[in-house]
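These notes open a run of structures that come right after.
Below are two complexes that have chain A in common, paired first with chain B and then with chain C.
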Partner chain A sequence: MPGLFTVDFTTALIFGAVTAGIPLLLAGLGEQISEKAGVLNIGIEGMMLFGAYTGFLVAFKTDSIWLGFLGGAGGGMLVALLMAIFCVWLGMNQIVIGIALTLGAEGLTALLHHFQFSRTYPRLGAIDSLPLPVISDIPVFGRALFDRHPLVYLSILLVFAMAWLFRNTYVGLNLQAAGDKPAALDAAGVDVYLTRSCAVLATGALAGIGGAYLANVGAGLFLPFMTNGAGFIGLVLAMLARGHPVWVLFGAALFGASLALTTALQVAGLNIPTDVVQMLPFAMVMLVLVIFARHSYLPPALGLPYVRGER
Partner chain B sequence: MAMTGQDRAVVPAVAVEGITKHFPGVLANDDISLTFNPGEIHVLLGENGAGKSTLIAILAGMQQPDAGRIRLAEKTVRLTSPRESLAHGIGTVFQHVLLVPSLTVIENLMLGGPWRRRLDRASALARFGELSRILAVSLDPDALVGRLSLGEQQQVEIIRALWQGGRVLILDEPTSMLTPAGVRELGQVMRRLRDQGVAIIFITHKLKEAYEFGDRISVLRLGRTVGEITKARLAAMSEQQATDEVIHLMFGPSATGQTVDAETMAHEGQRRRRATAVDRGQSPFLTVHGLSTTAQPGESALRDVTFEVWPGEILGIAGVDGNGQKQLAEALAGQRPAASGVVALRNTQITHLNVAARRRLGLRYITDERVGEGIVATHSLATNLVLKEIGRAPFWWRGITRWDNIHAHAREKIATHDIRTPSEHTPIGRLSGGNIQKALLARELSTQTGVVIFNKPTYGLDLHNIRTARAAILRGAKAGLATILISTELDELVELCDRIGVMYQGRLSGIVENVEGAEIQIGLMMTGAAAA
Partner chain C sequence: MTAPAQGGVKSSAGARLATAFRVLLPIVLALLVGAVIILALGKDPLTYYGYVARRGLLSPIGIQATITRMAPLLMIAAGLIVAFRAGIWNLGVDGQFLLAAVVTAALAPVLVTLVPGWLMILISLVVAALVGAAWSLIPAFLKARYGVNEIITTLMMTFLGIGLANVLIKLPFNDPNTTVPQTATLAVEDRLPRLFDTTIHSGVVIAIVAVLLVHLLMTRTAFGLKLQIVGANPRAAVHAGLNVSRLTFATFALSAGLVGLGGAIEVLGVWGTVRADWNPAFGLLVVPLVFLARLHGVAVIGFVLFFAVLMSGGESASRRLGVPTDFVLVLVALLLIFLALVEFLDHRRRQATKA
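== the complex of A and B ==
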């Protein structure tokens, strides 16, 4: 298929990789915060989906894409609040609650969407992009990377902001201590419950914005179950990144590219069954896990509820 | 308590008045009143369950008292969280290390700073330097805490406890994991801080240390203060007088020299060497030659270890924790593969046999991780007693569990080993550490045993159970078992062993006969300063 990689095709491929990668990036970064603090946030899929729903709803009603992202963050945090109450404060099993929240969000968003819009799927208007001066004129890459919605640039900046935060602030220390040895953090006079709750809420906000991007920018509409495992891919990215946000960025780029390739190959009309093509991103997940999972780092206290005085 | 006029003139740094604390089923603190003066090392003595840990948890802000109050420099305070205790200048060094291993020394010390700000390394380093000078310790502020020795980690904890002023320093059994040299160093640090006017609360159950370091001794029993030796009286007493009085307080009137526990206490520190009668003319029971293991991340590997153990002999393995003792025990038990070398029982090579096969040949391992590795906490005592016989007669018959036999077996062990439990059906995790250890000993020391490896068998037990466990070890050796006793307590090794070897950085740096004065040589080998 040498004729396949034309300028247009390549541009579309990179463009699609970014569109698909940004939600994964935001989910992965969010999950990384939770995991650093010792909470395995399986509810992230639900947070993302709920954020997609509320984000779309707010953008649809207010006609403002930015208020939509805010709504997405709020929706994600709402689900995260439940996670914090059940898993951090009440010390319940993080895996059970996480799965419950994901299933609950899937059912609830489908129900609410049906209730409001019946079987119609209203669309948002076209999204304005912000072309960066000069570099957006580079052939192929310019249009695909530097002529995008401002949230794309903000998400990339967030990667480096988080790396800096982890290294240079008390917040970074507190998060790491909460995941590695919460009793030590408690003895140092920092509230472990509060630290972990804030981490879970931050995850909810980022996952929610990721969901809103998926709905408002990626698709332009909300569909039930539309996250389709994106939150779980974010979870895998966070585990493989060993606490470094930059690795989440690389991982999101890889998975975004394979998702985009799936679409592109279908459009290109190759003689491969669509079912096989659609397996590509998930085959990629498995491949990456087989190669890198041995090197994944998980904080010692990950998944364990903290109870003061218990060792 | 009688107070002298001299005592009353001092304003106490911290005082507890009428502290009472209930836990379900236990009255942990019953109307405890104590005062702690600045510039004094105040020793709290008491057995496990006497209420020391609860009192500390209350002072550290981890627990709230049901009744009573805490007065700090004559003002009543409520310590509702560790942060408040620290802010009031009450620093605590807990028995278990409370540092984040994946952070550096200075990062651990900065933990708990104002979260809105950027890390303030410069001023933290300045404070670190200041406190290091006062304590006269030298630590690398950028070393990962997980890489430090336990003694160094404790120094980091003391620095952290003093970080915010340091009016009161609480040390909860700080010597239990240290080498003799480490204990001496800690003593110097405590005296230096005392001379700076810090009130030090020193919790221990070793009478020798209480007398050596303490300015004042208070004794707790069953949640109550049962007596105090004031500064003036303690200074006038000889070690023997102080020991007698403390034993009298701890175990009730006329206990001195009468109960087993009191005797243990009285003799602690005075070495009682056992008379050895090992015939090394015959062939050794266990032979280890050039045994090495592969290094796992974060721990030292076993390197070229060679020794022999004869029937009826107790070979002690001394050394600071983390110098390869666990690796040695697990390599011998078959839980860790040997990279090279030979392990032989009598004339049988067992280097490549698995745990079960070694067990059938009579090799037993009693782990130091009683709860994590030794038992399944949620299962019954009866099940745990047959944990290593699963599938075998008479407890199983063609894959079917025969509960009658298992329970009868448990009842017999409960009687013969004096395991204190409500019944054989009780989940073993609910028993005390001492009774869990008795159950493990009951499981491992049967008639088919030939070689037994004990890894820190008395760690974390109270005096009565330490006595029981040591007696069981001696009984086993007398019955002809070849015994390997791994311990960080030098006193214990000197009391029980025929020969003592020292592990240092994965090597067995020499085996010495346990004769008068051997502990000096052993102490030097523990720090790598000498070889045999």
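== the complex of A and C ==
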């Protein structure tokens, strides 16, 4: 296949990988916070989708991409608030509520979109990028990596900020304790419910921003059901990363690259069913798991509601 | 919130009344909130609900469509009850279901030219169960051997399975005579026989029997008890001398095998073929229903019935009244939340009276 791996192709591939990977990265980082604190947040798919909807709507009405991200965070947190009330404060089943919130967000966003826009799918204008000086001129990947919307840089910075937060601060320790031994955290005088609620809300905000990025930057429009399992991929990334944000970054890059490869191959005119390429990252991770299987670490209190005074 | 007010009713009639109340109250609440949403959308909720009830439950055609819809949901519920009771999070239902469906759809039209119809159906069902079980083999191995969390592995396998199913439809199993990629179609007269003069296929009977058998298996046999011990406390199960890794394999195989059977029944009973990119995503819908039924095989039939009524009635209503089927998802979400909420309040009330 002559001319397949040209400079343009490679640049487009890396560019696409970043575009597809950022929503997964944000969802994975968000889920990681919840899981650390002991909440298995299956509602993340719903948070992401609702964030995509509100984020698009705000950006569409205000013509501001930043307000759009803010709207996405707000939408995600709205769903997360329900999750926090039902699963953290009332201690109801996290799986049932998580799936209910996902189904509800799917139905509600499709319904609202239907009655607002009928069958039209309005588009947003082009997105401004912020080229970083010098390094954005590096050939091949300079433009693909360093001439992006500022949110991309912020997301990468967030990875390292979270790694530092988990390792070096009381906030990180409290989160971990809320997932490992909530009773001990309670005995130490820290409010378990508050810690977990904040974790769930942070998840909602990040997933919502991820959804808004997916809609506003990735697609430029909102489609019902558009997250299409991205939240669940984020959940898988968070679990595979075993509590390390940097591993979420690697995972998101891997999945983002394979999603981008699908479209890039089509552009290059190669007739491989897209499904084959989309299966690659999952097959790769399964292979890695089979070869290097170790006991996966999850917080002991993951998925269990904390009830004060109960053993 | 309005928790059941009558405290400490001990008579069985009273207990039954309380149970009915626990189920009916959330339904009423969900329908009320749903009505507000319909009103906000500028439609008439009473017309909508009336139409859904008529087309989903009360008309002869509607109730037949509803019961037909229950078959795959019940098979998936049976598979999930086995897994969840044994403490295994089989969240890979969609991949298992779809792969089994695709293999059945490819196999049945070929088999029907070779063997008599009843044998074709029997072989297809067995193969589908094996395909479903096979797709859970890697998660089962990783769980049993290394303790790798099965939520991750089954979710990954489900994404893989959906992709593989589509590749199979588009390449080896593609019927060249159709424009849209799909498998060869099984003729209507070769599909699962209908019950009497209805449109309901006999797969529904298989599904109901399967759910009931699974319930008996899990609650009345030594094997079921062993699985429940593993589910309740794997470490205690090891000390009790149970072969936990073999039981883990058995759980995965049984669970995914039942789900695979569901895929075969849906193809042999209703569609006769599988189209590319067809994915009903039943898993996400059945998981919460199974939890709300408290992993109880008889109770889950009621929940599945109610859900099927909403689905088939809601689809007719979307065509006639212009309320999109997406509204059914909202209604199901509300129902799940209210059911869980009433259940929670009832639990808390009982604890308060105990203390």
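Operating definition for what follows: the second predicted complex is superposed on the first by the 285 of 311 C-alpha atoms of A that agree within 3 Å, B and C clash if a C-alpha of one lies under 4 Å from a C-alpha of the other, contacts with A are read in each partner's own complex, and residues count from 1 in each chain.
By definition in this document, a residue touches a chain if its C-beta (ideal position, glycine included) is under 8 Å from a C-beta of that chain, and two chains touch if they have at least 3 such contacts.
Small disclaimer: the values here were computed from a predicted structure and weren't measured.
In the superposed model, A:A100 makes contact with chain C only, not with chain B. When both complexes are overlaid on chain A, the residue A:T169 reaches chain B alone and has no touch with chain C. Contacts of A:A187 after superposition: chain B is touched, whereas chain C is not reached. Put simply, more of the residues of chain A are touched by C, taking chain B and chain C as the two choices.
Of the two partner chains, chain C is the only one that A:F282 touches; chain B does not reach it.
When the two structures are aligned on the shared chain, A:F222 is found in touch with neither chain B nor chain C. Contact with neither chain B nor chain C is seen for A:Y53 once the two complexes are overlaid on the shared chain. When the shared chain is aligned, no partner comes close enough to touch A:W247: not chain B, not chain C. Looking at the complex, you find that chain A touches chain B at residues 168-174, 176-177, 180-181, 183-191, 308-309, 311.
Listed in rising order, the residues of chain C touching chain A in the complex are 37, 41-42, 138, 141-142, 145-149, 151-153, 155-157, 159-160, 162-164, 166-167, 170-171, 284-285, 287-288, 291-292, 324, 326-334, 336-337, 340-341, 343-344. Note for the complex: chain A touches chain C at residues 40, 82, 86, 90-93, 95-97, 99-104, 106-108, 110-111, 114-115, 224, 229, 232-233, 235-236, 239-240, 273, 275-276, 278-279, 282-283, 285-286, 289-290, 293-296, 298. Residues 57, 60, 62-63, 81-87, 92, 94, 96, 98-103, 107-108, 110-119, 160 of chain B are the ones that touch chain A when the two sit in their complex.
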